[in-house]
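What follows is a group of structures, each given as structure tokens.
Below are two complexes that have subunit A in common, paired first with subunit B and then with subunit C.
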Partner chain A sequence: MANLKTSAKKTKAQSMGMHTEVLTGKTQQKFFNPDEAENFFYWGTHDVDFNKRTELDVKDMDCKMANDKIDRLMSEGYGTIVIKNPQGKHSLGVGILNKLNLIFEGSLGYFGVGSIDGPIVKVNGRVGWSCAENMMAGKVIVEKNAGSCFGAAIRGGDLICKGSVGARTGIDQKGGSIIVGGDAGAFTGFMMQRGRIVVLGDVGINLGDSMYDGTIYVGGKIGSFGSDAVEAPMEKNDIDWLNRKLSVAEIGNNFDVSKMTKVVAGKKLWNYDALEPTEKKGAI
Partner chain B sequence: MCGIAGLIHRGKSSNVGKELQDMLQALKHRGPDSTGYALYADNDGQNFIMRFKVGENVGEGSTSVNEDESVYDARKKLVDKKLSDLGAVVVKEDRLTPYSFRYEIKYDKDLMDFSKNIESIESVEILSIGKSLELIKDLGDATAVSERYGLDKVKGTHAIGHARMATESGVDIKSAHPFWGYPFADVSVVHNGQLTNYWNNRRALENKGMRFMSECDSELIAVFLAEKMRSGATLEEGMKESLIGLDGVFTYFVATKDSLGMAKDTMAAKPLVLYESDDLVAMGSEEIAIRSILPQEITTYDPFDGEVKVWQI
Partner chain C sequence: MAKKKKNKKKKLKQSKGQLGKKKETAREKMIGQTIGYRYDVNLLPDYKKLTPFLKKYIEHMGWDDLNWLEDVHMGYEENRPAVFDRNANGWVTIPKKIKLPDNQQDRDMIARELLVKFQMSPNHPLVDLKKAYLKF
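Right, the complex of A and B next:
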């Protein structure tokens, strides 16, 4: 396994304003060992074949019925599932932990495709609040607009909205990338901890409020900066990454990323001080 | 949580009673306690429509005290006497439930004095007065209230409605939405959220002669806007001032005889999904409200923080 403490990747990430904290102590994280792949079992996952395709009309189903049906189709090996008539229903496509091509022909309500780990999702409509919340890996592409809390607490993967998104996009984000083709509302990147947010249009007030780490790139106007969010110089690494990411996301064709504003944590808030808990109490 | 919905047809009328019923029924999970409709109907515009109640619905989980129906009859007689004393002529009257009435009246004097007189009778509340506005609210879900009052055939240009989960006040009609923008004819308000400076604003508005019928924080929005309009502000100006004057998290709709507006607080903490085309605007707390009347694929969006919009019929 690569040594992240000394790798060029880490140095590059640090130069972009990320991963600057030093993690010490024991970690709960167990790393995947390819030599023991046959012993590795990820509960709730299925082996699917992308070439095995089916359609599912959920017009007369509630979300539990629809999600159960998707799970059953995956257990039968279907790797490409097209969902017809989602009609703004809530919590569709949640908890999918394996690779899958999932296509929604319509719009989703709240908490669509939450807690996923691996699928490629395309929504040919709009998504409501908290789309892809807690996503671990995978890719979600929304063709139209999205509601508030888009990508709340995502830990990895790419979340792309070609339209505009509501308030608190990327709240509590812990990794991954969120890319928005249009505008974003207030409190974008609120308390984000890692990862990257890219907004090609304007953003509302309190951008990056109380962010711990991570990076936000804004192409348009900024309503106002939130507490401890500061502008940082754009580096070549930023420009390269943005060009590559926008190209992969098929968004912002010919957009001049060099003119974007880069925002990072100023790290002046109380949680970055060196006080002991008892001293903090005294200060409060 | 509560659910709000609204729609406006521009340049034509439609079956807004049934459309709003479907939208509110789709939002039932957000507010099962009571449902309210403010329908802007195709009335002839000659007379005022006064909707009022003389008591509460004491069934369906109500927190109100049971009263004998004879008490309602006695109060109705007092209302009729007051109307006669005020010089109002009742052209038509309908008793829709034991406690609620719809009167068509001829009256051309000050509505504020008129309302104060009628509401001086114990437990009598005017739900609305207007030449187009038909404001109906009662306990139960959208379908139950619509069936009880025969709303699914009402034609009109626009409407707003509310599915209420009672949080800050009782399960009763007086705390249900929509709220009439007393003393303005044809003004109604629905709200989703919480207002945190309710009492400060209420005391100030009561000192200016405005009236509150409940302790529901949402009523403040209707009274706040009515007071601004009474001071000469347009509806849109009043709504913009409300973003500063009202503290808390909210999305609300307001409707007048010929317009429909929405406002969202500066934190954008309460949801709203909006569909807008040349001939129809439909909006609700969740997309499924809009999908209940527009199942085909359409483009919708969330208005941003601090946004105010007003549409004309």
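Right, the complex of A and C next:
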């Protein structure tokens, strides 16, 4: 019988001591070096030039090939990439972690532009389920309609759909802004924890169901409120923010945001007394 | 018996400064509950307070505003000012050398600047992980 203990090859992670390190909790006492201030992209990503433009026809490529090609173009410094013939393929343009102008001339399938962190994406068509899922930063503009779970678990950035969106928009949202020019389906803002959702049209039933925090603004009719979602008064800050965001989103010109309905969490689900005792210590 | 009563009064005085015992904010009044955070996570940024570094960062990224940084605020961890780094999933404490203003808008702008610098630094903790686990 082979001796597994001696024959097992040490991985790079093991040789770096990552399997034996002592975990001491979440707080990191060390901070940054101010001399590294002018770096605007993550380690291992690409510093591209917006003025360097190219086109990529993905008609005969699967999503992995297309995404590899996009990555290669970014590594060559291309900052504006136009994708021709996306033909509703799934998972296109995912995992882009640097700045980029990405333009899709057509529609995307499921999980398009997921887990992105920085790029500006324009889709000149429709998108399927879970567009921009787990988006961290950047801006995504969808010219037509979107499927269900639009912006699922989004953590930051601006996600804009000029048409209407399906059910569970912004489910588990943890930050960022989702802006919808048309209507939104049932369970919009389901379990959202932070961030903002703006719907200029109507929304379906159970709006903001089990929302923990965050804000939802609705311009049209509301099917019904979900559990723990309550109406709140609009304030000047809200109106200023909405006007600014709608101009960023390039939709809603001349829309009277002051007449929108603001929905927040009723906070019945909050249990900070038990969960975050250290947060309650004296002010600094 | 009389001495014991005096001690009780002293304890009450000490707890006055703690959160929940202070004057409630407008939001706390509205929801009728004490907010657990000691900063407003829903505070909208005041763009007049943008730092030169943040202006440069926004311009570099080609965005129209602070984008994801709108949700970044100066928080607290173990009684020290700190910023939550979502990439490392942990609080990063502010060095004692940096003096912070009292205004939350100013503090938030500093938090945003420090967080960007920290995340983009080659010394970020995730760089080691990426070196070890990078597949493609």
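Methods note: the second predicted complex is superposed on the first by the 228 of 284 C-alpha atoms of A that agree within 3 Å, B and C clash if a C-alpha of one lies under 4 Å from a C-alpha of the other, contacts with A are read in each partner's own complex, and residues count from 1 in each chain.
The criterion applied here is as follows: a residue touches a chain if its C-beta (ideal position, glycine included) is under 8 Å from a C-beta of that chain, and two chains touch if they have at least 3 such contacts.
Everything numeric in this text was worked out from a predicted model, so none of it was measured.
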Partner chain in contact with A:215 - subunit B first, subunit C second, else both or neither: second
First (subunit B), second (subunit C), both or neither touched by A:252: neither
Subunit B versus subunit C as contact partner of A:101, first or second or both or neither: second
Residue contacts with subunit A in the superposition, subunit B compared against subunit C: C
Touched partner set for A:136, first subunit B, second subunit C, both or neither: second
Subunit B versus subunit C as contact partner of A:237, first or second or both or neither: second
Touching partner for A:181 - first (subunit B), second (subunit C), both, neither: neither
Contact residues of subunit A, present in both the subunit B and the subunit C interface: none
Parts of subunit B lying in touch with subunit A, wherever the complex brings them together: 266-269, 271, 273, 286-288, 290-291, 295, 297, 299-302, 304-306
Partner subunit B, residues of subunit A touching it in the complex: 85, 87-90, 105-110, 124-126, 128-129, 144-148, 163-168, 183, 185-187, 204-205
Of all residues in subunit C, those that touch subunit A in their complex: 17-20, 30-31, 33-38, 41-42, 44, 53, 56-57, 60-65, 67-71, 76-82, 85-86, 88-95, 114, 116-134, 136
Complex contacts: residues of subunit A adjacent to subunit C: 11-13, 16, 18, 26-29, 31-34, 36-37, 39-44, 50, 68, 71, 99, 101, 118, 120, 136-139, 155-158, 175-177, 194-195, 213-215, 232, 237-238, 240-241, 244-245, 247-248, 264, 266-267, 270, 272-273, 275-276, 278-284
